[in-house]
Structures are given as structure tokens and as C-alpha cells.
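Which chain is which? They are A, B and C, in the order written, and residues in each are numbered from 1.
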């Protein structure tokens, strides 16, 4: 039906060696659409015509001269295709018998060598890497703990993951996804730990994915998620190497994508999005406190403004008299109904956040301060909003930023809007309605086939540690049971359980 | 229709959740006004009636398990088919489903009424119906596992409501219990019967049994669930008697909500409002489970697709929820549900049990002969 | 799925939202006063309400109306204000003495039907008209003032527990009558003068604060009470250092503080209606108007004995007064009802019986401390 030739369809008839050098040149040029930086270097070595060709901006010239050209020209033995592989001090040699494949190698930074009348072209990878060095994580910053983040190169990423998880059990299966622009994707997991079913599901989803190209890990995640209608992210995307390897070392499945500084960790539960690796580095009691704080913050961030709207619009009775006076006085100057007032102010906050994120860091900070202080003050003075609301909004905005995962934080901010509207229409019962719906939604969705609301439902009481709070390391010697890993024990021995008395005389 | 059914492992539910299922399905709108009805019968000894009712329920659960254990893996429909044959069992099953539907209606309209009285006198009942029913539909469409999940989560989320009863507890007057043991046994039994409406819901066991994963462990959580509901009803009855005393309790339509009304905090002055809204999270699991039961029953008996059944039930509910508004009609429906429920839920198992035993014996004899 | 959600959404929008009550559009009634209009027994009502209008400096406004019912009064009052009057925050209800004498339940009954009003609410009887109490001083928030006036005094255990629910209880229960604070106006401010005694919901007479203490002593337990007392000097002559006594007073005064008490009303004889009231009271001697030297336990015992006798005498007086009025604020009737089985006590029956009851007081006073100096 489709008569238009699809450019990425392979044409198998092309490229039958041997060829004359001129013809080869012509073919490669045609194939690469007259790439300007395509360089051919013709040599005569031991009476044989040899042509070396490469794309100059992709190739490391020093290596080219030292390791390829020098031995080639001054080499003693006869130049044949097989001798080339043996004599040149370079790994990654491949022999290609199709011009098509040769060109694919060229664009990934290879140098091709063709000896006239041979049957194959030999290629060597001499890619010049222009990479951003490993930097500190910027989007998920923490105070203590390792400070490395992924870069855009999958080689470097795999390198750091491997050096973090020093085990022969670490498997990094390779997939190529994208039919027009293929991208390398790696499925990383611990063979002896990860649940086979999870690995198989992920493998299946990656294999089944048929798209023209994937721009980023986050795009890949959206393609392979369980429920794409949901607001909630179902896979954890992280730029932190330690977070990624923490997940993998606990038996989860990781996915790395070439060209993306973020790794996917799956399956993830709702509660894991409030978990920061810092919680592991902190002492257990402090970590528990912070974890709880984050849950409370989440709750505040989506309940505060709707409740304000509900109370001010419908339920004056609920307020204690003194608070009622304060609220009433601040409301009395505002010309809009509460819901408009709240939406207006929420909009300002969102604009500030968006502007701050888009602008260069220094300008962004200024905008934040100017917006926060000046605008808020001015809005109150102009009688556009009540001063109580400023506090409420600021608090809920602040609370939404405590979520370690940026995706989850954004999801929570978005959920707030329907809740505000429900509150404005039906009062507190609307809020309860919204919350109920939300909880049921969370109960319905899954992550890589595992329930999203684990370990609360299905209730696995031993997994509450590390999900809702953190206990001392001595207490839990098991991994999360709900993922059905191959090995549940983290370490065999429990700490001695013998109770000690005060001033044990014989101890 | 097959007597025994097989359920794939992915659909099964752990026996542990029976505790939450039983105590959630039993606590609905009924508990808000139960103390009053028991008090009408047994006066200040009403709390004894609650204990009697609780003990009876333990017995009923026991009998229900005894019946169910006679079969490999079946529900009430399977048992009825086995005992009475295809047609009578269909009639009985349909009665069951009509009863379930009317109890669903009673929950919905009762809650709507409470919301209208306590929060929004002017709110349209249609609107509340839509809200509640959309939650119910959304959850039931997720299947039994989601239904159980909602039950469990909402149970945990509403548990805190109990703790706030401590305030009215401090205001109790223990003189109201005197003279103790004045009620005659007949009055006590009548009082126990008055608890029916708030204790309905045990029948879910007859529906859910095939879905239970580890059946050997199912009895304990179920009995504990009964203990939990009995405790709750006992608690509110006890506090209501202590707090209100005689005539006032008989006159209060929702004594439990008035108890909550007394609670005041620096941040929230009117607790009854919070309670009434939170109560949505109490009745929703209730309605979800019953809707599931109805849809499952229709599927079992008439091979109706469960999805269609759910939409049908919800639509009918919506109509009923919007149309029935008058306080007396609501009371009438509640009384009717309590009456019918008493026979279906509490008496029926005792009828069924001997029949099952006889049938099994007959089968055995026949087996021996041939 | 999408289609269905859309239908639900449409339906919701068709049915519409809940009717809003934005706080800035409300006149939030904080107290209510009712008096009797003489001509036609209608009610003369006063509402104090709070409104939030930046142009009106006085936050509290009063509005008056005449009607036969409470809700009717609210509607008529609504005609006189540009705010929607709502009663969800009402804290105080004041009843003029004249109205109280005809019974206040007619004004309180809407409370049973309307869930909007709060449960914690104080009821007051005013010596003057309720309107006067509520409008005497417009410079302060009188609702707050009255609420705190009662609240503080109840917390300090000067007044017995008496709020709306307490009133309704005692009104509904047979064999006990409510008591509520009675206010009057002194120096342009409402003050608590005494305690109003009700027979059912009809105001009958009042008790002085001192007698109130005794009622509270019989019915409730003190946790940190305080009471001033006077005793005759005569039995203590030998212990009083005469030189400093300049007044030729027959009595000396002292204060019992940190009173912890417990009381129990026991029905001894059901036929003859004889009661025992056992009261035990621990207290600290706080202030003495004369230099009474407490050297040993004997003095203290003597003092305790005198206090006990004094209490008995006063308690008997209170009993006589209530018997005469035929009001039972102590709830001897409920005790009777609770102790006798299968005996439906009716209102009329108890009113006949009450004047004939015989109460015997057993008081055990124990002074556990008497200060820093002897």
C-alpha cells in the first residue's frame, strides 16, 4: 500500500565487493549524501592500493595517526584484510561486506580501510568522545552521600553503575529501540536477585516497543508504563547514580538509555517516590522523621488550599471564633469568590516556578525572590487576595517541593487543581470525594505489574520498614518481600537478641 | 451452573483481609443511630443486648463456615443449586440480590439524608448520588482486589474517628446505667434484634468464600471482625447511654453524631461536620462490597457480564438515591431491610445447615448403594 | 470510558453546586437574647452578629426583631441587615427573667431540629431584660465577654457545670432540675449575680454564690475549688493571739483553697425517702483573718469539726429552700429512680414526693496543709 520507499528500509542488493577504489568512494559518498567532512586518504603500501576513509569530525585524529596510519604505512607484512586486524594495535575491528554497514559504522565514529580487490572493508572504531564530565546531581540534590550523576553517554553511565555495583551478577542486556533513529537501551539487573517475572515483563515491553525514536529516558518510561492515563509516574526516573544502583542492588530492574542522563527504576511504589537515598545515609530515627515530614508535606500540599476554599465558601462553623475573625477580615476586602482568589494565586506561584525553571539560574533566583515578596505583598495591598491565603498557598507550594522526585512533586501540584475546584463547588464533601477517588486510583494502578500502593495494599507488614519509615539496620535483615525476589535475606545473622540487664556482671 | 468454582490465583484475596471486610461492611450508616433503637427496647441495659447480638453473630459465622466447609469451593449460589435445584435456587438467589440492593439503597439515602441535615440542607440529592456512585463504580470496575483494597485502606484511614469519642466519654454519667439488669430477657432479646440493621453484612462470607486464598485461616479474622464491630457498637451504645440518658437518647435520631458534635479543638470547632464527611469513607467500602456482591451474583446466576451488572445497579441506585427524600420513607426502607435482613442473614444459615448435612448424608448413602 | 466520564461530568454540572455561604457575606450571630413582649406573649428578640465589612468599624452589630418563634425571629431580623444571618457560631443565649418565668424551652426546641448550631453554648437568665444585657456596652464584644465570663468561672469551679447540653439533660431527665447562671448589670457591664433555679424549664428563684458552692459540693466533685468561710471566734479563743486583734468581731474568716471533694448521694430508705449525702473534702487553709495559732493537730481537728458543722447547717438551709420551691437541682429524684426497680417515676409523682424527703449530711473535712508559716 505504502509506495513511498522508507529510507530506513535496508536494501540488500547493494555493495558487492570487490570494487575499485573509485567506485567505493562514489558509493560511500552517495550513501552519506555527500557528507562534507568525509575524508579519503589513498595510500600505496607494498604495491597495494589502500584507502582509509572516515568522517573527520567524529574521529580521534591522534589515535588515527599513531595507531592506524603509522603501522599501516611502515608495516612489514603484506596488507591483506586479515593481516590488518592482526597487525594494527586497535581493538574493535570489524569486517564488513556491505557498503551500507560500512556507512553505519562511519557515522558512529569508525575508520574504514579498504584494500583494493579485497572482499571486505575493515573498520576500526576511533570515536572521539565529546562528553560532559560526571557532575554533581542538580535536580535531585542531597546533602550527604555520593554526589555523582548520570551523563548523556551510556558508556559512562554503565561504567559508573558497574563500579558502584561490583558484581559479576550484574547484567546489562542490550536493546536497540527506535526504527528511524535507533537508540541503545540497556536493561540492568542483578541476575541472582531480581525477580525473573519483572525482568521478563520489562524485556517484553522493550522488545514490543515499536516507535520511530525515543528522545529520552522519560519518554521511554512513558511508552512502557502500565497506565498512561494516570497523573502519577509509575517508574522512578533518577539522575543519581547511587539511587539507581540502590534500586538495582535491592532487586529492582533498571533501564538506561543512550543520550539520557536519567535512569529508570522499576517497579516503583507510590511510597518510594517520597524516599530519598539520603534516608539511607541518615541515622534511622532522623531518617524516619524526615520521611514522615515528607508525607505530611505531601498531604499539606494538596489538602491545604482545597480546605481553605471549602471552609471559606461553605463551612464557617468549623472555624474557631478567633480564626474566623482573622479570616473574615482578610476576606472582606477581596472582590472575588474564594475559589477565584485561590486559583489566581496558585497561578502566580506556578508562573513563578515555571519562570524560575526556564531562566538562567541567577535570574531565576531573583525572579523567585521578587515574585515571592513583592508580588505577594502587592496582591494583598491591592486587595486582590487575603493575607491568610498567601500563607496557605506559600505553605502548600513549599510542601510540594519537598518531594524528592520532581515528577511526583509535579503530579501532586497538578492534583491540587481538581481538588480546589471540587472544594469550590461542593465544599469539604467535594474534597473527601476527590481524595477517595484519588486513593482508589492509586489502588488501581500498577507499576510493572506490581501494585502501586505496596506495601500498604496488599498489606505486607514487614515491608513497612523502608517504605513508610526506617528502622535501624539491625532490625530488618530482609529485603522487601512484596517484590518476590530470588533471595529475601540481606544477611543471615540477626543481631544477638539476648536481653541485657543493667550492669551485667558476667557479660 | 456449577456448584464448585475455581478462581485463578491472581483474583484471590488473603484471609487476613476478612477482618477488614467484615468490620467495614457491618459499620455503615446504621451505627449512627443504633444506640437509639436498642435503647428503645432494652433501656439502660441496651449494652447487654449488644453483647448478646455479638455472641449470636459469632455463632452465625461459625455455622456459615460449617456450611461452606462441606463443599470444596463454592458460594451461596452453588449451595442453593446443590440443595434446591436450578429454579428454586434462582428464585432464592434473586431474593438475596433484591435484599442486597435494597440495603444498598438504604445506605445511600440514609447517608444523603445525614449530609443534608448536618451540612448542606440545600444540596441536591442527585449530586451526592453522582459523587458516591462514581466512586463506587470506579472501584468496583477494578475488581474484587481493588474493592478489598479500598475497604482496607479506608478502614485504616477512618480508624482515627473512634479515638475522638474520648471526649464524650469523659462527660458520661454512670448513674444512667442504673438500675442495672432491669430489662427482662425478652426485652434484651428484642434489643439484640434492634441491632440487626447495623450488623448486617455477614452474608458477604457466602459470596466471598471461593475467593479466599488460604481458607483454613479464614475463620479467625472473620470472628475478629465481628469482635471489632461488636466493640464499636458496644462503645457507641455505652457512651450514648452514659451521655444522653433516657429520654434524650430516645429523641435523638443520630446520637453518635451528636456525641461528636461536643468535640471542640483549637483548630476545628465543629467535629460533626468532619465526621459526616469522613463517613463517606465509611460507607463507600460498604457500598463497593455490596455492589460487587450483586454484580457477582448476577453473573453467577444469569451469566450477565459483571460490567453491565455494575452499570445497571448503579443506575438504579442513582434513581432511588435522587427520588427518595422523605424521612419516613427512608425509615420505612431501613426497617424493611432490617426485617428482611434478619431472616436472610441471621436465620437462613441455621435453616441451611441441617439441609446441607442431610443432603451430604443422602449423597453418601447413594454413593454406597451404587 | 471517556464517554461515560463525560456523561457523569455533564450530569454533575446540570445538578449544580452546593449553595455557597462565603464568610464575607454572612452576619455571624454570636449571641441571642429573648424577652417577652407584654401585649401578645410574643418574643422580643435581640441578635448580636459579627460582620466583616472594611467600611464599618464596629465588628459587632445588634439587630432586634419581634416574632413568635426563634427561627421566625431570625427571619425578621434578616430583613434589618444586609448580611445573611447564620447561627452556626452562636455561643450565648440570654433569656429575660420574665420570659424565663414562663419557660425557655419554646425558644430552645429548634436546637433539636437544626444541626447547624454548635453544641457548646451557654444559657443565661438575666435579671433585667436580655436586650439590656446584650446592648449595654457596644464598645466590646459582648458575646465573647459573656462567654468567657461563664467559661472562666466554670473552669475555676466557682460556677457549677451548666451549658446547653447540661440544661437539656436535666430538663429531659426526671428527678433533676437544671440550674443556669443569672446575670445582672453592674457598672455598665453584665456580671454574674447568682444561679437561677429552674423547675423543668421555668425559672423559679435564684441561689447566692455561696449556696451555689454547696449545690456543687453535693452534686459534683471539686478538683481545685476555693471557698471563703466564716466561723464564730468563741471556740478558738485560746488559740488566737489576742494582742493583734483590733476588731471586735464575733466571727473570723478564712479561705479554704485547693478543695478536692467527693460526694455521694445514697438512698437509705426507699419508703421514707431518707437520703444520706456523704461528702469528703480535702482542702488547704489559705488565709486567716485572725492570727490563729495552729500548734498541734488538736486545733486543726477542732477547726475541721467546726467547718463540718457549719457546712451541715448551710446545706440543710439549701435543702429547705429547694424543698420549699419544689426544685431538685441536686437530682435526688434521679437517685431514687436509679435505685428503685420497675418503678416508673413521673414528673408529677416526684414533685409530690420531693418536699417530703429527708436528707442527712455526713461531711468529712480534712485540712491537709495550712500554709508556709504556722
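Here, contacts are C-beta pairs under 8 Å (C-beta built on N, C-alpha and C of every residue); 3 or more make two chains touch, one makes a residue touch a chain.
Treat the numbers as computed from the prediction; the structure is a model and nothing was measured.
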Innermost chain, where centres are averages of C-alpha coordinates
B
Can you tell me which chain pair comes out on top for contact count?
A-B
How far is the middle of chain B from the middle of chain C, if each middle is the mean of its Cα atoms, in Å?
43
Can you compute the centre-to-centre distance for chain A and chain C, using the mean CA position of each chain? Integer Å is fine.
67
Please work out the Cα centroid separation of chain A and chain B, and write it as a whole number of Å.
47
Two or more partner chains touched - positions in chain A:
314-315, 317, 321, 426-427, 429-430
Can you list the residues of chain B that touch 2 or more other chains?
120, 123, 127, 131, 134, 269-270
Got the chain C residues that touch at least 2 other chains?
18, 88-89, 118
Within the complex, chain C is touched by chain A residues 312-317, 321, 324-325, 327-329, 331-334, 337-338, 424-427, 429-430
Touching chain A in the complex, chain C uses residues 17-18, 20-24, 26, 28, 30, 50, 52-54, 59, 86, 88-89, 91, 116, 118, 144
Give the list of chain B residues in touch with chain C in this complex.
117-118, 120, 122-124, 126-127, 130-131, 134, 175, 178-179, 182, 244-248, 251, 257-258, 261-262, 264, 269-270, 272
In the complex of these two chains, what residues of chain A are touching chain B?
314-315, 317-321, 323, 426-433, 436-437, 439-441, 443-444, 451, 453, 456-459
Listed in rising order, the residues of chain C that touch chain B in the complex are 8, 11-12, 15-16, 18-19, 88-89, 112, 115, 118-120, 165, 168-169, 172-174, 334-335, 338-342
